[in-house]
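Right after this note come the structures.
Next, two complexes with subunit A in common: one pairs it with subunit B, the other with subunit C.
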Partner chain A sequence: MSRRLSPIDRVGRVVLGALAAFSLLLLVAPSIIVVAISFEPRGFISFPPSGFSLRWYEHVFANRQLTDSVVVSLWVSLATAAIALVLGVPAAFASVRGTFAGRSAANAFLLSPQMMPGMVIGIASLFFGAYFAFRASNTMLILALSVFCLPFVIRIAMARLAGLDPRLDEASANLGAGKLETFARVTLPQMGPALVAAAAFTFIEAFDNVTVALFTSDVRGRPLPVELYYLVQYDSSPAIAAISALEIGLSFAIMLVIARTVGLERLGR
Partner chain B sequence: MTHIALDAIVKNFGAVRVLDGCSVAVDKGTVMTLLGPSGCGKTTLLRTLAGFVEPDAGRVRVGDRDITDLPPNRRQVGYVFQSYALFPHLDVAANVAYGLRVRRVGRAETQERVRKALDLVSLSAFADRYPARLSGGQQQRVAIARAMVLEPEVLLLDEPFNALDAKLRLSMQIELRKLIERVGITSIFVTHDQQEAMTLSDRVAVMRAGRIEQVGTPIEIYDRPRTAYVAAFIGRANVLAVDVAAGRVVADPAIAAARPDGPAWLVARPENLTLEPGGEGAGWRGTVAFSTPQGATIEYEVATGAPEPLRVVTLRKVGEPPLPVGTPVRVRAVDPAACVVLEDGPDGA
Partner chain C sequence: MALEAAARPRAPATLLRRILHGNGIWPAVPALLYLFVFLALPMLTLLAFGFVTIDRGRVVGDTWTLDHLKAALSDELVWRLMWRSFWVAAVSSLLTLILAYPVAYLFAETKGIWRTLILVAVISPLLTSALVRAYAWLVILGGRRGILNQTLLSLGIVDQPLRILNTDWAVLIGMTQIHLPFMILPLLAVLAERDRRLEEASLNLGASQTGTFFRVVVPMSVPAIFAGLALVFAISYTNFIVPQLLGGGSYSTLAVQVYEQTIVVLDWTRGAVLATILLTTCFAFVMGIVAFGNRLARWNEATT
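Right after this comes the complex of A and B.
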């Protein structure tokens, strides 16, 4: 295929390859270093690790405060993914198929949390809650994260919906199905992979979000990212690296499950 | 007996009037074709009947019921889409069963009816295939089975043969015609292909710019086009500017015309014209501008000085070469009574 490349093409290929390798390195290297550090047997962070030990993993699992925060984070992330999906899919449907006045304005409004830093959403939620005497709590965290993650779901769902053939809805109606039944029997099944993707991204985003959580989470039952944030301030042991490695493992596992079930290449569609 | 009646349907899309007072009536158990070029509103008219388009004015009746205000899912109207619109996430059997599931028909009855419907279109062996793994012709048959399994009062088909290659098209047209006759369902086709209209329909409605130009049997439409537009759309036609005087077209020889005196248009099919070499005698004079032997016939274009050449199709004897280009010829109507004289010419001239 590439028998006769001009010199410019050849240089281009080399540069492109180098750039790709460099980008990959930037993306992957920190993760690899964190994982490596987590196996350090001594009590401080060093790279490369001086040996191999699982002691910091034991330490993490023995730390009741940390394991509790993982449970909180799991619940918060699941609830956030559920809420974002339940609100986001109909919103995407209205944005793509709707014919009402102000449709694009409504869509822009729904997508706007994406333009805002998480910190702003966190602080805004806190002040807004204070106004109604609604204290920072994990309920507030779930609500704030749902707002923050809604655009992910809407975007993914909209992209998929826009790719669906509207004739299929007409065919369904012609065969006797009402609008809700058409949505349940025709639209939703075809959105399946996209919804799995949206749920997974929302879950992962909610699971490791610090900026929103810092301002809205419960003081006692803190989620993992906040717990880590405080931990880092006085603890510089490889325990942090061990937790990070576990989180990397979790994200990896989720992506693996998706790859095996729906297929990664189908996610976007 | 009229089964389907579309009455003075008007539809605007924004500033564009797509249907401009369209009226069509279809008798029970017959096949009607809506024929016209793209953009003439034929698909919109069909979609109005299915309820996908709400007309701005006019009424839609099926049997003795006015269904104008009924949503699409409450009309007993089968629809076969141009793209077939099969559900990609369902296999063939589930596609066909869709309408029955929606109607909460029992499992055993659903299975039985799906089996019969697939039998009807000879697709029983493909029940568990997914649409993506079917050929165009098979997809079309699934779409037909999916509509027919509900035993609708009416079957509507939007250019159902468009996606098929030419060879398959003809055999599917004949198959479908037989199927419709066997079931005896009132059907409306939409097509821009006059050959298809001829093959499939009992009656043809020729549409033009949101209006029905002429309705009749395919032969009536071909033999007695009411306008030059219809004549040119169904088959090929020579449309000549002529003068009518004293009930005859001023030509040599004269052709009878029940028209008032004045300018008129003469429509003559190419096969109703014949030519003889030689510049003297009766007939339109001209020279052969182009000739193509077609095996059984020879097609000529004869330059007469008019903007459009005359098209003449003559039967060809074995071994007979066509007249060479440049030969002076005289063109005459084989059967003057088969010519049509119209007051309006092409494009309302």
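Right after this comes the complex of A and C.
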């Protein structure tokens, strides 16, 4: 399009472009800086780093408390993702294909955890447990986190189910397959990529979560985010940058999984 | 016959088939029950804990009381903290909008690899722990050794290190950056899939690009703008990590107080009351934003 641009339009374009460039820089710069300073050879932070060394990574891997917390977090996140998938996928199925009375109310309730701040879910779980004399524990954390993560699974699964052709299910039924067989052999395989994406997203949300975890996790055997939270408050050594860089690496791996399964644009809906 | 059939215990396979029956509520029942037990009941407990007296995690006494709520509402500190939570969240939401809109617009105008790069730049922070990003800001803004001050001092732009960490500025910067993807994503979807014929018409009728942008593109995206504002406001208003880490030890907001009363001071009654106030006011503000957005959208339709 070769329209003549007025001076105001030119200024407008420059402002828009500059703002976009600034905010893209703002989005990525902190992560890049953290990764850079994790290679610092000295005992304090400087940018750009004064050299290249992996000593802070060695430091992190030699720290028993940290490696233990990573293991705790892995188990917690896997359990959370498993519960959220097992509950969420059938729920999404009912939400999309169901024709029962009160469907929109059920939908609203199923997605309601996303309206709740993590902190409120955490405190509510802590108090509810305390009422029955249960202390904060990693079991409580898993239960609370799966509430927190359920809407993610339901939304991703719903989006995929809504895009499926119901005629395939009808064809399967017409060929004599029962409901169960149709679900297992026709519907579920088509949902495969969406399920992988939902699992990956739930895993990373649970792995990174600190707002629920601060209230519900075990005092002994803390998950990584809680451990990191206390570290960050009292210390800013490059060791924290090394842990952070590893977490950034993990988030990129998860992003790749999502990009390959449902596509990154899906996350926007 | 029918009665006999009904009385006969149902075979497990039949039950399973009914549960998997495509049209019923059955597949959602486990999730609904789960949320009832692990979300609805805990939320009721949280609410109730504000109206009883609790000592070391046990309810003492057997009477309901409004005293704790009254005490909190007549506490000037609570109102001061609520006001700070409100304005920090409001300013930060507006900042995210100003920064997010150009990115979403640029995304809609570009093709190929640039599109993917923008998407990666938006999504990768979203999947990175907010704690990691708060730490990044701690390192960037912190004291004389902070990266920002190191750079500014060595470039001779300032001769005294700027004091940003442990002020409102640090909290605003951190929150805005951390919540930016939540504002970009709803705008991205709407702007990328918009109907461009109206803009063409506007340009063909002689309107300038700037005029077209503000009078055609922006009004069309009003619902997405307000959806984003409501979301970012809610997560900023209830964020206690960023104020704690970037605002410093003496910086407090309503959300920070909820955390401190519950975990540090262990005054659960007050924690419950403040959490209830936080949640209620958050919903009220969000509903206000949504209502305002709806009015604006209707007004738009009426005037165009």
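The working rule: the second predicted complex is superposed on the first by the 231 of 269 C-alpha atoms of A that agree within 3 Å, B and C clash if a C-alpha of one lies under 4 Å from a C-alpha of the other, contacts with A are read in each partner's own complex, and residues count from 1 in each chain.
We adopt the following convention: a residue touches a chain if its C-beta (ideal position, glycine included) is under 8 Å from a C-beta of that chain, and two chains touch if they have at least 3 such contacts.
Just so you know, these numbers come straight off a predicted model, no measurement behind them.
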Problem - Touched partner set for A:170, first subunit B, second subunit C, both or neither - result: first
Practice task
Compare subunit B and subunit C by how many residues of subunit A each one touches, and report the one with more.
Solution key: C
Problem - Touched partner set for A:178, first subunit B, second subunit C, both or neither - result: both
Exercise for the section: Could you tell me if A:186 is touching subunit B, subunit C, both of them or neither one (first, second, both, neither)? Expected result: first
Practice task
Tell me which partner A:234 touches in the superposition: subunit B (first), subunit C (second), both or neither.
Solution key: neither
Handout entry: subunit B and subunit C footprints on subunit A, overlapping residues
Key = 178
Fill in the blank from the handout: Listed in rising order, subunit A residues that touch subunit C in their complex are 3, 5-6, 8-9, 12-13, 16-17, 19-20, 22-24, 26-28, 30-31, 33-34, 37, 44-47, 86-88, 90-91, 93-95, 97-100, 102-103, 106, 109-110, 112-113, 115-117, 119-121, 123-128, 130-131, 143-144, 146-147, 150, 154, 169, 178-180, 183, 201, 204, 207-208, 210-211, 214-215, 225, 228-229, 232-233, 236, 240-241, 244, 247-248, 251-252, 254-255, 258, 264-265, 267-269
Completion exercise
Listed in rising order, subunit C residues that touch subunit A in their complex are 16-17, 19-28, 30-32, 34-35, 38-39, 41-43, 45-46, 49, 57-59, 98-103, 105-106, 116, 118-140, 142, 145, 147, 150-151, 177, 180-181, 185-186, 188-189, 192, 203, 208-210, 213, 234-235, 238, 240-241, 244-245, 255, 258-259, 262-263, 268, 271-272, 275, 278-279, 282
Exercise for the section: Using the touch definition up top, name the residues of subunit A that touch subunit B in the complex. Expected result: 165, 167-168, 170-178, 181, 185-186, 189-190
Handout entry: In the complex with subunit A, residue positions of subunit B that touch it
Key = 50-52, 71-75, 77-79, 81, 83, 85-89, 98-99, 101-103, 146-147, 150
